[in-house]
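Naming follows writing order (A, B, C, D and E), and every chain is counted from residue 1.
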């Protein structure tokens, strides 16, 4: 009954439920495709301009897709108030948080893996900088979004009009991370600057916010 | 008031001037009471009397605004969490999983790796552990039974049940009441909030009446002492 | 049904082989594009079959809303699925063709955009069919009406774009028209694809109605069992 | 008990509920603000480039904000299954649809009125074409989004994973309208082309889809 | 079976071989029955017997898969919608509005402009029309009363109630049962689905037992004929 065991069981349970319905996964994929298409419609990408804003476009698209996913995080736990069952049990609260955050992380990463090729095709992107740097940026950036998102989704489940609350608190807090992701991506794509500073920023951001989330989650979960 | 022939056992629950505010409204207005172990308490009262609130506070789901609780001898409820079972208005189950998958997960939360425990819990409430159906497709009665199985899975000493018979048909309700009687006979302490007192008449040890956030009276049921020890 | 499939499937396979032989070997090589142009013999028929399927879907859906006949719903489902497949094939062929000829995979010109939107719309139709809980048929039929109403609007709205995609080869202006040798091969392929499309719809439709029949047989059995 | 009377009572009831809680309005506004801010971070607007993509940016922002609002449309009616109370009553189904569509329209228009100045400030927009045309485009475009959105929200309440279904069916169908809005807006802002064709397109789109919605709503509402 | 001394009045509900499938599962398995006007029917049955489904089909919320219904003489339920009242498992009320605001809105749907009608409906179920509290803050019992008021607001001839007493305390439930008796005495036909038959014993005219999607028996209550006409 250590944190790790419970994290694992909870994660497996979530994955099983996800896998069983497959709804969420499938529909998210289609949603991601639509976001890419809508963006390309709206911005009518031509070779030169698009390279300049592609970093921003990609991350904004990921952000919207992720928010939709994050909003569903706790929905399942709230449906029959199953969260209460977790809360009365002796299982450590942080295990629940970690399981949810990791689940969301996997989910959003899958999403990104499928959206990126589409962006590449539609915007005819080619990276001038090294691709592995892009991957590092993507992983760090995704964790930044997801860890805060999971936490704030937990905060916002106690509020009325839940869906809307999440972006409201998530977006402002995430702005530094978003800035880091966008600028790092653009630097790598255009090869004009090194993304080192931004990568460091993202790493620090991840560490700080993961720590804060783990410290505060118990309080948030048990507030009633 | 207890008047037993044995020496007083230490109380399972000791409430001291418990108050719970929702905004300005006091849902619990200074409850002080003590409850002995191994008994089945039936909590009655009108809508809004504060029954659910009391149960949630005792289960540790809510902090009381004033006053203190001592549970199974402990001051901090989290310490004794493994020894408490709770069932709420809602079923507290995942609709997308089957009955066994649900129980297995919750057993995991209590650190019980053994599948047999979950299977036994299902059998005890009269459900088939091998039923592949998802809980979402269960009828209301089956769901409430499973919910009860979830609450008593880890063999808790104190069991708190909030309207376990709501929307349950008469047969199922009788079955569940009988199960509760048997669990009590194993020495557990049980609190049942219900509006159908008649169902519990045969098994209850004490009726606790609540009104307007207070316990207004407690009626002990005098029974021919069949179930003191012979039935274990 | 089984017999029909047993006869038609080998037959179409043979025909497919013949037509591929015609398209890939017999037809003359096109002057500017070279052998890549041979995709043409698959490209246009795919497009035509896709459109045809969506039309059937529309008619069947309207019919369903009117008469509530489960068979027309089965036909709607079948034709939408086949249509999405042909449309997807068309998109893939198109991108494969575009890469060597235009040097890019994709461009937002009228033809390509409308085709993509068409595909997206009908994928969303399938998604709805898949995920609706109860009353799938009514929901799907309603969406089908919206979808088909949208197609001409999409098509018109994007007319305005400068297009990179070839304009109609046949029945277009003065200089339009295919070389006779090409035309023959093209017509054979077109006919074949049409047959193929109809066959697929037919098979899917049979499967769907068989499922419906099974379902209602089970239901009736359950009904009898308790009585 | 004509359609109009019921439409009015239902609309008033919705407005009163909204006014009382102000949840949706407040949070939507803040959301809109955030979207604008996030966009300007992600796209780092500079005078020349921004003018080119501003039409797209604005409408994508409106679209996402609108989807959040539309998803809430029926939430209130579903909460205690109040929709059943409407369905057993003799009130005409189309009245409910119209009330919801008009309510959403008002809502999104308010939103746009508050977001537009922000865009103007952040992107230093100036319109070269006449401003009244922008207003016409906005009204027609918003109605296009809202009328379909209201209908599809009603469709998607019958599906599993509701929130995600709405964009999935709304986006593809709305692409022509979106295209019309974006291109009309860009033409007006840059003054390079006349938006007449797009305005006509939007008008046709509005008429066609409003008619279809009214024709089919009863069927969808009563399907069970 | 009716055995009245008067000539048979035309039935309020005539069910002919009613079947309702959910996928493969038959929730209603060929129900044929006829119900006379001016009576209070209590529908009993285990969970999943099909009681709610029957009520929803009769209320026009669901299409039957097979068979036909004739309601108040009409074949199309929509035609007689103004003459039917329905109350479901859920309260069918807006949490954000006060009691009167709720009723006023629903009255509007039935084309009743008069506020007094809503006020009377509230009084009838024992609620204060001037209570400013929002329904979200009502206790369960008050909510169920208000829900009943909503269902009978437009003075329907046929009233369908699905578990009106669930989670309602004993006092409130008795009050509501008495209200139903009075409404029946005004000549209305009432169907009450409940698991608490005892509550309805004093006022019911007939108990309808359902099991596995069928009506298995109907027991008429023989009463000293007090309420035939003297109580109007």
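Note that a residue touches a chain if its C-beta (ideal position, glycine included) is under 8 Å from a C-beta of that chain, and two chains touch if they have at least 3 such contacts.
Quick caveat: nothing in here was measured; it's all calculated off a predicted structure.
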(message) Going only through chains that touch each other, how many steps at minimum separate chain D from chain E?
(response) 1
(request) Find the two chains joined by the most C-beta pairs in contact, please. (result) A-D
(message) If you average the CA coordinates per chain, which chain's centre is most distant from that of chain C?
(response) B
(request) Could you pull out the chain whose C-alpha mean position is farthest off from that of chain A? (result) E
(message) I'd like the Å distance between the centres of chain C and chain E, where a centre is the mean of that chain's Cα atoms.
(response) 51
(message) Can you compute the centre-to-centre distance for chain B and chain E, using the mean CA position of each chain? Integer Å is fine.
(response) 33
(request) Measure off the straight-line distance from the CA centroid of chain B to the CA centroid of chain D, and report it in whole Å. (result) 49
(request) Specify, in ascending order, the residues of chain A that touch 2 or more different other chains. (result) 21, 23, 27, 30, 34, 37, 41, 44
(message) Could you pull out the residues of chain B that touch at least 2 other chains?
(response) 89
(message) I need the residues of chain C touching at least two other chains; which ones are they?
(response) 120, 123-124, 127, 131, 134
(request) Could you please write down every pair of chains that are in touch? (result) A-B, A-C, A-D, B-E, C-D, C-E, D-E
(message) Touching residues of chain C toward chain E in the complex: what are they?
(response) 134, 215, 218-219, 222-223, 226-227
(request) State the interface residues of chain A toward chain D in the complex, per the touch definition above. (result) 21, 23-24, 27-28, 30-31, 34, 37-39, 41-44, 49, 52-53, 55-57, 59-60, 63-64, 68, 71-72, 160-161, 163-165, 167-168, 171-172, 175, 178-179, 182
(request) Would you pull the chain D residues touching chain C in the complex into a rising list? (result) 148, 151-152, 155-156, 158-161, 165, 168-169, 171-173, 175-176, 179-180, 197, 201, 204-205, 208-209, 212, 216, 219-220, 223-224
(request) Give every residue of chain B touching chain E within the complex, in rising order. (result) 45-49, 89, 139-142, 163, 166-173, 195-198
(request) Can you check the complex and tell me which residues of chain C touch chain D? (result) 65, 117, 120-121, 123-125, 127-128, 131-135, 138-139, 142-143, 145-147, 149-150, 153-154, 156-158, 160
